[in-house]
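Across the two complexes that follow, chain A remains constant while its partner is chain B and subsequently chain C.
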Partner chain A sequence: MKKHNDVTSLARDSRFERLSLEDQFSDPRNAVMVGRTGGTGMRRRLDPARPGSPDRARSLMHGIFTGEIQALEGAGRTCFDFEVGTGDDEVPFELKLDMARQCWDEARHCEISVKLGEWMGTEIGEFAETTVLFEAACNPDPVLRLTGVNRALEGLAIDVFNTMREFGAETGDPLLHFCEDWMLADEVTHVKMGSDWLRRLTEKDPERRSRALEFQRVVDKLFSGAGFRGEEEDSTIRLARRFRELAGFSTDEIDEISELSRQSRDEARARIAQRALTEAS
Partner chain B sequence: MADAKKPRAAFAPWDRRELPGSFTVEETAKRVGHYKWVEMRLFEALGGWVPTVPELDVKMRLGTHTYHHAWHADLWNKRLPELREMNPERLTAPANDHIVEFFEAMTEPEAPEQTIEKLVGVYRVLIPAKIAAYTYHLNNTSTITDAPTIRSIKFILHDEYEDWTNGEMLLQSLIETDDEIERAAAQQIRLEKILLKAGGIVGPGSLGGESQASAETVGAPA
Partner chain C sequence: MAKVIVTPETYNLVFFDSGRIAELVGEAADKAGFAADAEIRVEVDERVPLGRTKTVSLDPISIWVEGGAFEDAKRPRQLSDQSVQDVAGRLLFRAHDRLGGGFADAPDDDGLTLPQQVAWDAYAVGRAERAGLPASRSRRLYHFRNRHGFNDVADAAFDRLWNGVDLTWADIEAACQETAAAKEAASA
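Right, the complex of A and B next:
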């Protein structure tokens, strides 16, 4: 088995359809959203009172499911790709153990997500899969890989699970609330792992730490696109400050993600306005 | 009320543990180092295979088992300093070159069509060999002086039996044709031959026999 695979190595059965992030963003059906979102073109908070919310929740649950598969695959590869040692392309034994533990956690999350998907009325393959998570998990530098996956993407998972947990409470779905709460506990642990290893592995290498944090910013911004995640009342995914603090994020770091999300939302608004102007002329 | 002053035997009548055992401290440390090496290679392989397997149930099961074997490696890593090996990395080694060759052959299948070959290597060859070596150790070490190793082996064997069953059931559900039976058998034969040359997962003496350096029981009263 060769080390350091890329995204093409992901094996799936015939139910899965893969979609690039570019294709997802340039989907012409997104234009329909403009009419549904008060002319902003941006998705709003999952509100049980809105007629489209069950479909959106099912779609989000399917996205969680495919994200969990890739998180499992990424943690598995981190167990395999790096030898134990102190070099920049090596990792401590205990880091590999943490990644193995994460494999088990992500496998459980896959199981939970499949069952929740069925509970919510969707099935595997009903929505397309994007592979950004696994792409971040292919970074050849273990510190960048862990920062991108365990801090940026697992951090996003904290926000997503908290949002779904609240949606479960609002819709009176105790099973959804119960399961999301358990998964949220695991994600806080995974993000804390990422924060701890970033600090330990870059203790004497500030340049490497800043590269890792920059990689995290890139991934964070990607997933804050078009106001998808933010602190505004109507953000689809709300930034879960309390749980991020438990996972080792400082207030400054959370403020920075919030600011990235705001910038991303403003940029999306500007793009939509520009498109409207172009179409009008 | 029981008489607090009444003398009782140090060992209860049903407690049949004995002092003699087949392994010295040094031999135990060496064996434990080999166990750790095997558990590490196994959890790395299972984790590495996760993305390459298209069957969703297998993919999730491999993720769970990855952690089991990592936990076993951690148990052995913690046991080594207790056996006077203050540099656990020194003894974290394969028993011989054939066991390295075995792991190379076992992890060779990579393509998504080779799930059967992947599972056969682990669940029909390696895990049965691990169960054999662990059980031999469990049955031959001193039940009093080496109690910590026994406790770890018992936890590990619990996982091994369960994982073995899981893996075998996955295989039986995947194998549907004569050709697939032959593929599974061919992989098993290939790997068994290499493991035979290795002498088992900790080399000759995995199951005792002539290669066990101290075949006589250590600590037996003269």
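Right, the complex of A and C next:
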């Protein structure tokens, strides 16, 4: 069986349609949205008072579902791609056990997400699938991969689940609130796993730890999606400080992610404004 | 089939076909009960990928949509036949209601509360589905529960509206009052 699959090798049936980052960023309507959404072209906070919020929640829930599939594939790949050993391209057996446990959690999350989708009136494959999450799980260095998946991706999952959990509470949706709360608890565990293994595997290799944390910064900035996730009032996904602290992130680390999000937002604003200027001239 | 005029005729930012939109809206208008000589105008704001829609006039019937409302959720910038008929069915059944006597007391669309809007939508989309237009009952039920409560009273009210025939504005209001009372009792 092939090791180190890239994103193009993901297996999906005919219900799924993939959307690339290039397609998302090249949509000419982004420039028009600049003036309407604080300059980012992104949509605003998931506010239950807005008429379209149930449909936005449905779309986000479908994104969570495809994200869970990719998280399952990522953890499964980490389990399979690396042999047991002490080399830089090898991992301890206990790490594989943790990844196997995570696969179990992610598989359960997939099933919960499918059922929540049905509850919210969504069909599998109703919305496009983006694959940016799995792309963070393709690094050939197990430490960098673990950092990208268990600290960046699973950290994003904490923020997303907390946002949906709050939406469920505000709208009085008992199932959404309950399920997101339980999945959130799992994600806190996954992030802690990533932090623990990062510390253990790089204990005597500060240069490798530094590279892993830099990789996490790159992934976190990508996941901030032009302010999609952040601490601004209109960020769709709010940074969940309390749950990130429970997962072992320090205040400095959370501040840094918040700053990366702000940078990502400013860069997107500048990029879209520049494109609008170019198209107008 | 009703005469449907779509603006703009051509699109620069999305891959929409105004002829196809006219055809789909015309079919929906027939099913909503509009006469063959009725004129229906559709204005599409192709610049906006969001999904807001509204009826801006009843004489002639004029509907306005953001491009995202007619878009394929899986293929950005592509037209979705299903989305066009879903939106057109909902708006045209409601417009047809307003032209009859039973909804004379209804506020203008801008004056409707969110619970009133989704209750009327449930009645409109339920009829659209029975007329053969694409519609998702579970999606509408989720919208309804968001505004009327996640409880048995709300679900029963939704069923009455979805399966309703010849309802009036008084029926919509009664459903809203019933679910509001149930929410209040639950929170007391």
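Simple rule for what comes next: the second predicted complex is superposed on the first by the 257 of 281 C-alpha atoms of A that agree within 3 Å, B and C clash if a C-alpha of one lies under 4 Å from a C-alpha of the other, contacts with A are read in each partner's own complex, and residues count from 1 in each chain.
One rule holds in what follows: a residue touches a chain if its C-beta (ideal position, glycine included) is under 8 Å from a C-beta of that chain, and two chains touch if they have at least 3 such contacts.
Just so it is clear, the structure is predicted and the values come from calculations on it, not from any experiment.
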{"item": "Room on chain A for both chain B and chain C (clash or fit)", "value": "fit"}
{"item": "Contacts of A:K96 with chain B and chain C, given as first, second, both or neither", "value": "first"}
{"item": "Chain B versus chain C as contact partner of A:P51, first or second or both or neither", "value": "second"}
{"item": "Chain B versus chain C as contact partner of A:M1, first or second or both or neither", "value": "first"}
{"item": "Which superposed partner A:A75 touches (first chain B, second chain C, both, neither)", "value": "first"}
{"item": "Partner chain in contact with A:P140 - chain B first, chain C second, else both or neither", "value": "neither"}
{"item": "Partner chain in contact with A:D173 - chain B first, chain C second, else both or neither", "value": "second"}
{"item": "Angle at chain A between chain B and chain C, C-alpha centres, nearest 10 degrees", "value": "110"}
{"item": "Where chain B and chain C come nearest after superposition, their Cα distance in Å", "value": "19"}
{"item": "Contact set on chain A toward chain B in their complex", "value": "1-2, 5, 9-13, 69, 72-73, 75-81, 84, 93, 96-97, 99-101, 103-104, 106-108, 110-111, 114, 124, 134"}
{"item": "Residues of chain A that touch chain C when the two form their complex", "value": "17, 19, 23-24, 27-29, 32-33, 36, 43, 48-49, 51-55, 58-59, 118-122, 125-128, 171-175"}
{"item": "Complex contacts: residues of chain C adjacent to chain A", "value": "12-14, 46-52, 67, 73-77, 114, 117, 136-143, 145-146, 149-150, 183"}
{"item": "Of all residues in chain B, those that touch chain A in their complex", "value": "40, 43-56, 59-64, 66-71, 73-74, 77, 89, 107-110, 112"}
